[in-house]
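Scrolling down, you'll hit the structures one after another.
Look for chain A in each of the two complexes below; its partner is chain B in the first and chain C in the second.
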Partner chain A sequence: MQEARGKTVTVIKDILGANEQIALENRGLFNEKGVFVLNVMAAPGAGKTSLIQRTIEPLRDRLRIAVIEGDVASTIDADRIAGLGIPAVQINTGGACHLDASMVRSALSGLSLEDIDLLLVENVGNLICPTGFALGEHLKVMVSSTPEGDDKPYKYPGMFSAVDVLLLNKVDLLPLLDFDMDTFRRGVEALNPNVAFFPVSCKTGEGIEAWVEWLLARRDQGFQP
Partner chain B sequence: MQEARGKTVTVIKDILGANEQIALENRGLFNEKGVFVLNVMAAPGAGKTSLIQRTIEPLRDRLRIAVIEGDVASTIDADRIAGLGIPAVQINTGGACHLDASMVRSALSGLSLEDIDLLLVENVGNLICPTGFALGEHLKVMVSSTPEGDDKPYKYPGMFSAVDVLLLNKVDLLPLLDFDMDTFRRGVEALNPNVAFFPVSCKTGEGIEAWVEWLLARRDQGFQP
Partner chain C sequence: MHELAVTQSMLNLALEYAERASAQRITRINLVVGEIAGIVDESVQFYFDFISQGTPAEGALLSFRKLPARFRCTACGQEFPLRDGDWTCPACQRLGGEVISGREFYMESIEVE
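And now, the complex of A and B:
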């Protein structure tokens, strides 16, 4: 077992190194083509696809948008997005618990980058595995949701530390939940004091305008975060 | 990259094989000592710890109970259980997205198996990684929760296929959610037609009695599932 573990560490370093290289190549391509790219991460059911839908609505007349959907199985999310008339490519990872830069590179063959200003990549629902795998994105976006509880920053510090922006979704359910906003925010601030934070409800639309304005401003700042 | 991937597959087979061996040893020890063991799995925030608390309440006068808590970081869950006066050991996995049989074996040194009838092991919050790693448990228990959505069986078929019992938690929130019970159940039945299914609310206590009765009956059937 010890020997197997030693081997694993080496291999994981190889894989992470190779991933980092492909992510850099993806990023170079995105910059060259003027495509601003978001890597949207969350636990299962936090509302990643709903956030993507809510982000598309106010922006679709101003920017040309496309979506890459990552899931272990099914095409449910890509079908939802395609139903809006937005180009969508589904990646099924089989058993893998995260997207990687190579999967995203393969998915790009299904999209015309010249015709895209904003590419939203929805990662696999998971608060642990996606953290270590850059895809070539300009911004790492995390969706947390109130029913998951106020203790999530303490239990999953890796992802809360790694992201540029955090959306707390399903705030419409707050009156029904034992969710202490101060506990949640203290946990986030200890890990990531500079993260942009938006409480939102993808159901009611609350908070979406502030998030979209921030996103446009970050895009206008250019493609080197 | 190809070479690195080939190596990974081999190493993962080694690790899974080694894990399976240790899981069998754990199971032998549990059987010898008369300890019935549950591996409780779920997405982050579905309510694993709350279910464990609700399971302890009606059983603590009839069975001697202990808990192993698995998390990437923090001792929040073990502290909650210890606060009830129940022996609890916390495993922090560092970055790992699941418990394994070796971690459970190490945690057993903090418990006196002779004094335990029922051991509840709470896995790391994750719908993907824990599926492949047996811990030596007698029952695989999954907690899904209504705010995660009715599409989860379709997106995470591995875990829904692998478990002996499925609890759908937070049914008290159903009137506020767009959750179609038929869609959810059809997805579950296609993957795992024999799974025991209990809709529950760990907040209100709804459905807990039926789950606890089922659990006692399964335990009485003996220690070879």
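And now, the complex of A and C:
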């Protein structure tokens, strides 16, 4: 009789568990320092940087704001924000397709958390990868834009179902597009019935006030652990 | 695609468990991947073949067990799969619900010798 040589070792471990752990530590730090953190996710060009700029404008006199820029390899976006006089840190993702919790943790060394009330993190332009990687944020924010089409929720259920708030940007372009709002809304409601939804235009400013008011209210509700 | 970083974490985890079990070699890694976890099997395999070279996991077979994405109907509580484009609850015809599975990505076990 030959002895079986192989054996099975049970593991049952989340492969991204290390990221989850660091994200939890980040969240603890944010709560301790009273920093409310948004993870802004979208396809490239949907309007993440534009939304961040639009969100800063009405809030900058009321809250101390800082930005972490994860998008692209250049510092163009970080420069756009720094041009507003807002502290901005560029994360060099080295070509990665998403931010992870450890990248954010490293970026925090470039910011003074005691002096920040609201931290806006612009994730890498990508609709798939960022959803798997928590950063320690309080809110997952998704920007979808009308030129991307009304079928986006049907194509990217992973992200649409994971976010706390969805902004549909570039509504100023609706008259020019074959975008059926009902089709879009139906997909969103099916995937994420509790999501907060705001149609906006970062170009005209339409809808921004409603979004900013909601954001302030959510922040006032306090920090969930 | 982030599969390189993900594959590295996966390999590290497998090597850690193999060492704990005093194994010489890993012959198979059993993974569970949710349908909407955003993980592409082929690229995990591709990177794995490359980065496992010279480690006890070199040549190991990667097995991917797919978990379908599932909804729970917010109206009636029925659970049902997220089928492409058709998200109506089979019990009450309401559309969609909360996603209750499909984001998983974990290692179930490894086979060693």
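Assume the second predicted complex is superposed on the first by the 208 of 225 C-alpha atoms of A that agree within 3 Å, B and C clash if a C-alpha of one lies under 4 Å from a C-alpha of the other, contacts with A are read in each partner's own complex, and residues count from 1 in each chain.
Note that a residue touches a chain if its C-beta (ideal position, glycine included) is under 8 Å from a C-beta of that chain, and two chains touch if they have at least 3 such contacts.
This one's a predicted model, so the numbers in the text were calculated from it and none came from an experiment.
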Once the shared chain is lined up, is A:Arg186 touching chain B (first), chain C (second), both, or neither of them?
second
Examine A:Leu216 and indicate which partner it touches, taking first as chain B and second as chain C; both and neither are also allowed.
neither
Would you check which partner chain A:Ala43 touches, where first means chain B only, second means chain C only, and both and neither mean what they say?
first
With the two structures laid over each other on chain A, which partner does A:Gly158 touch: chain B (first), chain C (second), both, or neither?
both
Chain A residues in contact: does chain B have more, or chain C?
B
Once the shared chain is lined up, is A:Ile15 touching chain B (first), chain C (second), both, or neither of them?
both
Per the contact definition in the header, classify A:Leu174: touching chain B only (first), chain C only (second), both, or neither.
neither
Would you check which partner chain A:Leu113 touches, where first means chain B only, second means chain C only, and both and neither mean what they say?
neither
Output check: A:Cys97 vs chain B and chain C. Expected answer is one of first, second, both, neither. What do you get?
both
Can A:Ile128 be said to touch chain B (first), chain C (second), both, or neither?
both
Doubly contacted residues of chain A, that is, touched by chain B and again by chain C:
5, 7-8, 11, 14-15, 18, 96-97, 128-129, 132, 154, 157-158
Taking the touch rule as given, give the residues of chain A at its contact with chain C in the complex, in rising order.
5-16, 18, 96-98, 100, 128-129, 131-133, 154, 157-158, 161-162, 186, 189-194
Can you list the chain B residues touching chain A in their complex?
1, 4-5, 7-8, 11, 14-15, 18, 22, 43-45, 71-74, 76, 95-97, 102, 124-129, 132, 145, 147-149, 151-152, 154-158, 170, 172-173, 176
Quick one: which bits of chain C touch chain A in the complex? Just the residue numbers, please.
1-2, 5-6, 9-10, 13-14, 17-18, 20-21, 23, 27, 31, 36-39, 69, 74, 82, 85, 87, 95-99, 102-103, 105-113
